[in-house]
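Naming follows writing order (A, B, C and D), and every chain is counted from residue 1.
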Amino acid sequence: MALILDRIGKSFPGVRALNNASLSLNGGEIHALMGENGAGKSTLIKIITGVHRPDSGTVTLGGAPLSLSSPRDAIALGISAVHQERNLIPRFSVAENILLEGLPVRNGLVDFRRANDEAREHLRKVGLDVDPATEVRRLSVAQMQMVEIAKALSHQAKVLLLDEPTASITDAETEILFRLVRQLRDQGTAILFVSHKLEEVLSLCDRVTVLRDGETTLCGAPMAGMTRQTLIEAMIGRAERPVIARSGKPQEGTPKIELREVATAAGHGDISFSLYRGEILGLYGLVGAGRTELVRAIIGKDKLKSGMVLIDGKSVRIGSVEEAIKRFRMGYVSEDRKHEGVVLAHPIRSNIAMTVWDRIASTFGLIGAGKERKTAAPLARQLEIRTPNLEKLVGNLSGGNQQKVSLAKWLAADVDILFIDEPTVGIDIKAKAYIHELINGLADKGIAILLISSDMPEMVALADRILVMHDFRIVHEHKNDRKYETASRAIMSAIHAAEPVQTRTAR
Amino acid sequence: MAPIDNDSPVPDAGRHSLLGLLTRGPTQLGLLIILLILWFVFTSVAPGFLSRFNLNSMGRSVAIDVVVGFAQMVVLATGGMNLSVGAIGVCCVMIAGYLMQAAGLPIPVSILLTLAFGGLLGALNGLAIVKTGVNSFIVTLASASLFSGGMLIFTKGVPLNGLPATFGAFGRSGVGPVPSLAIVALLIGALLYILFKHTVLGRQILAVGANARTAEMSGIPVGRITIFVHVLSGVLAGAAALMLTSRLSAAMPAVAGDDWLLPSFLAPVIGGTALAGGMVSVIGTILGALLVATIRSGLLVLQVGNFWLQLFLGVFLLSAILFERYRAKLAIREQTRRA
Amino acid sequence: SDNKIALVPGGPHPYFAPWEQAAADAAKDFGIAAVEYKVPSEWKLEAQTELLESLAAQGTNGFGVFPGDAVGVNAILSEMKSNSIPSVALGGCAQDPTDVGLCLATDVSQSAYLGTKALIEAMGGKGTIVHLAGLLVDPNTTLRVKAVERAVGETNGAVTLLQTVGDTDSQEQGDQKINALLAAQKDKINGLIATGYISSVVAATALKNLGDKKIKLVGIDDDKIILDGIRDGFVAGTMAQNPYGQAYIGAYALDQMAGGCSVKADAPWIATPQTAHFVDSGTLLISAKNVDSYKDDLKALTKKLQASFKDTYLSCK
Amino acid sequence: MKTLLSFAARTQWSGILVGVIAGGIALSFASPAFMTEFNWFVMLRSICVSLLVAFSQMVMLGVGQMNLSVGALGGLVAVVTGGLMDVWGLPAIVAIGIGIVFGGLAGFINGWLTVRTGINGFIVTLATGSAFAGINLGITKAIPFYNLSPAFVAFGNGRFGPFPLLLIVPLLVTVLLVIFFARTVEGRYMLAVGGNAHAAELSGISVARATIMAHVLSGLLAATAGVLAVAQLGSAQPTIGADWVVISFAAPIIGGASLAGGSISILGTLIAVLLVGLIQNAMVLLAVDPYWVTFLLGALILAAVWVNRYRAIRVGED
C-alpha cells in the first residue's frame, strides 16, 4: 500500500519546518529518510502519525486522501511508529507498554497473564531478555529503546516508521532489528527508516529521500548506485571534508586524574586507570557494561565503596556533583540528554550558559539575557544549532540539535576534566565532524577527556588509549593507533575473552 | 512561552495594527488587556468603581494578595509548594504584634525580627524537605499545622490591639492616590523581578524547577536552592503578614492561615507561573491578583448577587482566562504564519 | 430620611436569616430610604472588609456590622468614621478601643455564663460537664471558656469541668469530635454546654442518635434541630439571642446617627470584657416551657428596647 | 512469613500502616474507651466521608490533574439532594440519584472545560469551585435543609456492632476503584495518561477522553461524599465541603500518590485516611488540651510520613 505525501508545508512559531516536502513510500520497501539535524524528518513522521497537521499539501494512503486528527486515527489505519524520543509510561510494566493500544481483556477486565505471555513473545522476537512484568522505569536506555521497537512491531502495521531507532542501541541489537525489518519488508510492509548512520542506511534501505531545510532534495531515489558521498552531498549540499586532525599529544607527568582500585556501590571492582592532561581516554564496552555508572560515581552522584581517586596526584573525596564541577573543575556530558542534559522548558541561551552563570555574573550576582547570549552565540554557531534565535526553547528543537546544546554547555564551561558520554547520538555527520574537531581541540588545550562511546569508529578516531569495560571491570587497555581494523579486532576479542555476563535485573 | 516575562522573540511585523498588538506578546500582556477592558466596563456601569475610596481600598488588599502570591511563587519556581504560607503568615502577625506591643521594640527592629522569624520558619520547611526527602507538599502541610498550632499554644487565641499608632497609620497612608502598601508590594516585586531575571541565583532556582536532574548535573546545589526558596517564601509571608498587621492596626490569630491557601496559588498561576516549576512571572502574579480583585470589586460595586456573588466570580474569572487563552492562540498562529 | 443603611453579617450563616426581614421592616417603620442586608461571600474578614468598602464607595452612610473579627473589624470601621460614616456592632461586639458607636448584642461572656448556670441547674447542681467550644482562633472562644469556668467555679466543686473540646463550630470536625467525646466519656458526663451554633446542632443530633436523655445539653441559638431537641427532651435548653431585634433596632439607631445624633457618654451602658458601650439585645433561655412562645417574648423585648433607645443612648441636636 | 514481610517492606504504604497499628495499640492501652464498640463506630463513621473525598482527588492525581472544586461540588450536591427531599418532597432514592448525577455532570463540565479550552485544570476547577459554592449559597441563603427522609437519616446513623451502615458505601467504592484502576482498560488508560500524557497520546489513547472521564469520576465521588455527609449529619448544611480541600490532597499523597500524576495507591489512601482519623480520635480520647491539638496533628503526620520515607530509602526505592 503506497503512502504519498505531496508538497507538505508545516510551520512552527518562527520556523518553517517543512516546505513542499514530498515522499512516496511503497509497500514492500525500506525507504530511508535522511537529512541534517533539524531538516524536518521527525516533523514529517509526526505528520504521518497524526501528531501534527500539515499547513499545506496532501497525504494519501492507497490512493485515498488522508486527514488525521490524532495518533489514534493513524494507528487505526495501520500506521505505527517508533518516535525519536522515548515514549513509554514509566510506571507501567513492559508488557503493558507494548500492548497498550490493545490490552487483552477477559470478562471486561485486563488479563495480565495473557498480556505477559503475548509480550514475552514480542520481546523474544527482538531478543530482549527482560521479565515483561518489570516496570519500564527500571530499564536502561537501550532496553527501553528495544521495548519501543517491540511495541511498534507488535502492531503488524502496514506502514512502519522508524525515527532513529538505532541511535542508542548496540550493533548486536541493531542486527536483530534489521533482520526483523527485512522480514517485514518481504511481507509487504512499507517501512520508513531515519538514521544518521550512513553505512546502516546504505546497507539496509532500498530507496532514499533526503530533506534539506524542510525541502526535498532527493525524492525516492534508488539506493543502488548511491554512495556515502552522493548522500552527503544531497544532505549538506557539498562534499564531506576530512576532520582536522589533532595537533597536540597527551602531556606526561602526574596524571590529571587517577583511579586506584575503585569499587562502587553499583558493582564496579578494582578499577584503576590514569588520565593525563591533553589526553582523550576512551572507555568502550557493550551496553550495560557499567561505563555510565562509573562516571557517575566519580563525579559524586553515586557512592564509591573503596579505593582512591587522585587529582593532580592528591587523594580527594568528591561528595557531590556540585563539588566535582566547582571545586575539581569537572564536566559531564550525559548520555540522557532529556533528563540530565538539557532543560527542555528553557531557552537555548540559558541552557548553554548554565554552567558558567557564576562566572559571567557581575559582582552583585547579576546577569542578563545579553550576557548569556554572548556566551552561547559562538558555540551555537560553531555547532550549527538550527534555530531562528537563541530564545527558542530547547524542547522545541530537533533531537540532534538538543544533543548539540547538551554538549555546547560543557564547551562553554572551561573545565579541566571532561567526561563525555555518547556525544554524537542522533547527530548528523556534518555536526559530528565538528564535534570531533571540538573534542580534539579541547584535548589540545590540555583538558583531560574521558570519552564513552558505543560508536566504534568514533572511538577509534578520537581516543589516544581505549579502556575496555565488561561487566563493571576493566578487562583490557588498547593503545590506539587510530587504525579501525586492528583496534576493533583487539577490543572485540577482549570483550569476548571475558566471562559471559549473566543478565541482571536492572538497578 | 519563555521562562520569565518573555522578551518576545518575534518583534517585527504587525507592530502598527491593533490586531498586531493583541496577537503578540505574552500572557501578561493579555491579562493587562483584560484588566483594561474590565476597568472600562465597570466604570461605565458603576461610577463608584473608580472612586478614590474604592481604588484605594482595592489597592491595599491587592498589595497583600500580591505578596502572598509571591511567597508561593518563589517555591513554585522550583516545582515545589508551600502550603504553610498562611501559617507562617499568622505566626509572623502575632510575633510582630508581640514585638511591638508587649516587648515594646522600635518598629524597624520589630519588622526585621519578624521577617527573620518568617525566614526561620521557612528554613525549617526547607531543611525538613531536603533532609528527609519527603516532598514539599506533605512537609508543608504538616508544618502548617505545627506552626499554627504553636501559635495557638503561645497566644491562646488572644489578639493584640495596642500596636503603635504609626504602624497602623502606615497601612492607611498613601502617596497621592497610591496606597503605601501597594508601593511596598511593587518594591518587593521589583526585587523579585531582578532576582529571577538578572541574577545567577534566580536562574539557578528556575533551572532546578524545570529539571532538577539536569541542574544537579550542571553543578547547581539543588538542596541549598530548595532551602533558600523556602526561606525566601517565609520572609515574603512575613512581609505580607506585616502589611496585613499594619492594615488592620492589630495582630490577631484568625487572619492569614487557611485563608491564604488558595489566593497564594491563584495569582501566580493565573499570571503564568507553572505549577510544575521552572517558569515564573512576577508581573503576571501582580496582574493575576489584580484581575481577581477587580472582578470581586466590580461585582460588589455592581451589586451583583449577594449570595450569588461567588457564582459570578467563578464565571467571570473563567471567561477572562478563556479570553486570554484565545488571544494566546491567535498570537501563536500569527507567529507561525509569519515563519 | 434619605439615609442608606447597610446591615452586614460576618458571612453566610443561618443565624442572620432574620436580619433580612428586620431590614425591610425597619425601612418601612422608620421611613429610611434604604436598609440593605448584605452578606459577605465568605466568612472571612477580608471578604467583609471588601464588602464594607465597596458599599461605602457607593454611598452607604451607616453600617450595622457583625464583626467577622472583633479586633480586625476596627481598622475599616474607624476609617469609615473618619469619613463621617457611623457604625454600630450588631450581634457581636468590636473590641475596645474602637470607633464603633455602640454594641447591640448578646454578651457572649454573659450568655455562656448563664447557659452554664442553666445547665448546672438542669443537672441538679452537681456532676461533670464538658464544654464544646467554637473556633480557637476566635477571641470570643476565650471569653466563653472563661465564663464557663467561672460558672463552674461558683459551685465550689460540686460541678467539675472534665474537658474543653475546641474547634467544634464546623460541621464535620464538630461531628467527629463530639461523637468521639461521647464514645470516650459518655458514662462519665452529666452535662454538655455548647457555645457555638454548629456545636449545639451537632451535639443535639448526637444525643438524639444515641438516644441519651441522661446527659443534659444547653446550647446556643434556635436552630430547628435544637428546638426539636428541646421538644423531644434531648436538649435541656438553649440560649436564645435576638437577631431580629439587633438588626431592627440597629437600623433605627444608625438612621438617627447618620442624621446627626451621637452616642451619649453617660447612658446605662453595660461594661463587658469587650467593650464599655454595650447594650443587651436580650438573651433568654429557651426550655421546654417557652419553646413555642419565646419568639413573642423576644418581640416584646425588641419593642420595648426600641421605644426608649433614642432617649437612653443617643443625644441628638 | 518472610515473603509477607518483604512484601510489606516494599509496599509504599507499609510505613504508615505500621504507624496506624502501633498508634492503635498504644491508644488501647492509654484509653480504655478506645476499644469500645461505640468508639469504633464513631471513628469508622468519621472516615467515610473523608475517604470518598480523598478518592475524588486521587482519581484526578491519577491522570495528572487536580480538582480544587471537590468541596464546593460535594457541598452543592449535598444541598441539592437535601433540597429535593425537603422542598419538593422527593423520595430519598430519587433525590440521591439526581444529586449524584448532578455531581457527575458538574465533573463533566470541569473536564470538558479543561480539555476544550486547554486552560490549566487548576484554574478551571478553582473557578468552577467558586461557581458551585455560589450556587449553593444562592439557593440556600446559608440556611440548611432539615426535612429529610427519616430512613435516609437512619441509614446515616445506623450501625451493625462497631460498623456504621454508612461504611458500606466507601468500602464498595474502594473495591470498585481497585478493580477499575488495576484491571480495566479505561482505568489503565487514565493512569497511562497521568504517567506520560504524550506517550499515551502517541499510543492512540485519547487524553481528552481520559481526562474528562477522570473529572466525571471525581465529580461522582465528591457527590457521593456530599450525600453521605448529609446522611451522617442529619441535615443538608450549606457548609458541607467547605474544608475538604486539604484532606483531599493530603490522604492520597500521604498514601503514596505522586503529584506529578500516574501513580496512585488506593489502599495507601485508605490507610492515610485511617491515620488521620485515628490521630483525631486520639486527641479527644486523651483529652488533649485544645490548644495543642493542631500542633500535635502536624507533628504526628510528619512523623508517620518520615518513618515511611525512611523505610523507602532502606528498601532502595527511589
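Note that contacts are C-beta pairs under 8 Å (C-beta built on N, C-alpha and C of every residue); 3 or more make two chains touch, one makes a residue touch a chain.
Because the structure is predicted, anything quoted here is derived from the model rather than measured.
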{"item": "Chains touching both subunit C and subunit D, listed by label", "value": "B"}
{"item": "Remotest chain, subunit A as reference, centres from CA atoms", "value": "C"}
{"item": "Chain pair bearing the highest count of C-beta contacts", "value": "B-D"}
{"item": "Subunit A and subunit B, separation of their C-alpha mean positions in angstrom", "value": "42"}
{"item": "CA centroid of subunit A to CA centroid of subunit C, Å", "value": "72"}
{"item": "Euclidean distance of C-alpha centroids - subunit A vs subunit D, Å", "value": "44"}
{"item": "Rounded Å distance between subunit B and subunit C, as computed from the means of their C-alpha atoms", "value": "36"}
{"item": "Junction residues of subunit C, two or more chains touched", "value": "12, 39, 41, 136"}
{"item": "Subunit B: positions in contact with at least two other chains", "value": "152, 156-157, 307, 309-310, 313"}
{"item": "Which chain pairs touch, all of them", "value": "A-B, A-D, B-C, B-D, C-D"}
{"item": "Footprint of subunit A on subunit D - complex, ascending", "value": "179, 182-185, 188, 191-192, 195-196, 198-206, 262-263"}
{"item": "Touching residues (chain side subunit D, partner subunit C) in the complex", "value": "31, 33-34, 36, 38-39, 41-43, 45-46, 49, 134, 137, 141-144, 146, 157, 229, 232-235, 237-240, 242-243, 277, 280-281, 284-285, 287, 290-291, 293-294"}
{"item": "Residue numbers on subunit D that touch subunit B, as the complex places them", "value": "68, 113, 117-120, 122-124, 126-135, 137-138, 141-142, 243, 245-246, 249-250, 253-254, 259-260, 291-299, 301-302, 305-306, 309, 313"}
{"item": "Complex interface listing, subunit A residues touching subunit B", "value": "11-16, 55, 301, 320-322, 324-326, 332, 334, 339-347, 350, 354-355, 357-358, 361, 364-369, 388-389, 391-393, 409"}
{"item": "Contact footprint of subunit C on subunit B as seen in their complex", "value": "46, 48-49, 51, 53-54, 57, 61, 152, 156-159, 161, 168, 171-172, 247-250, 252-255, 257, 259, 296-297, 300-301, 303, 306-307, 309-310, 313"}
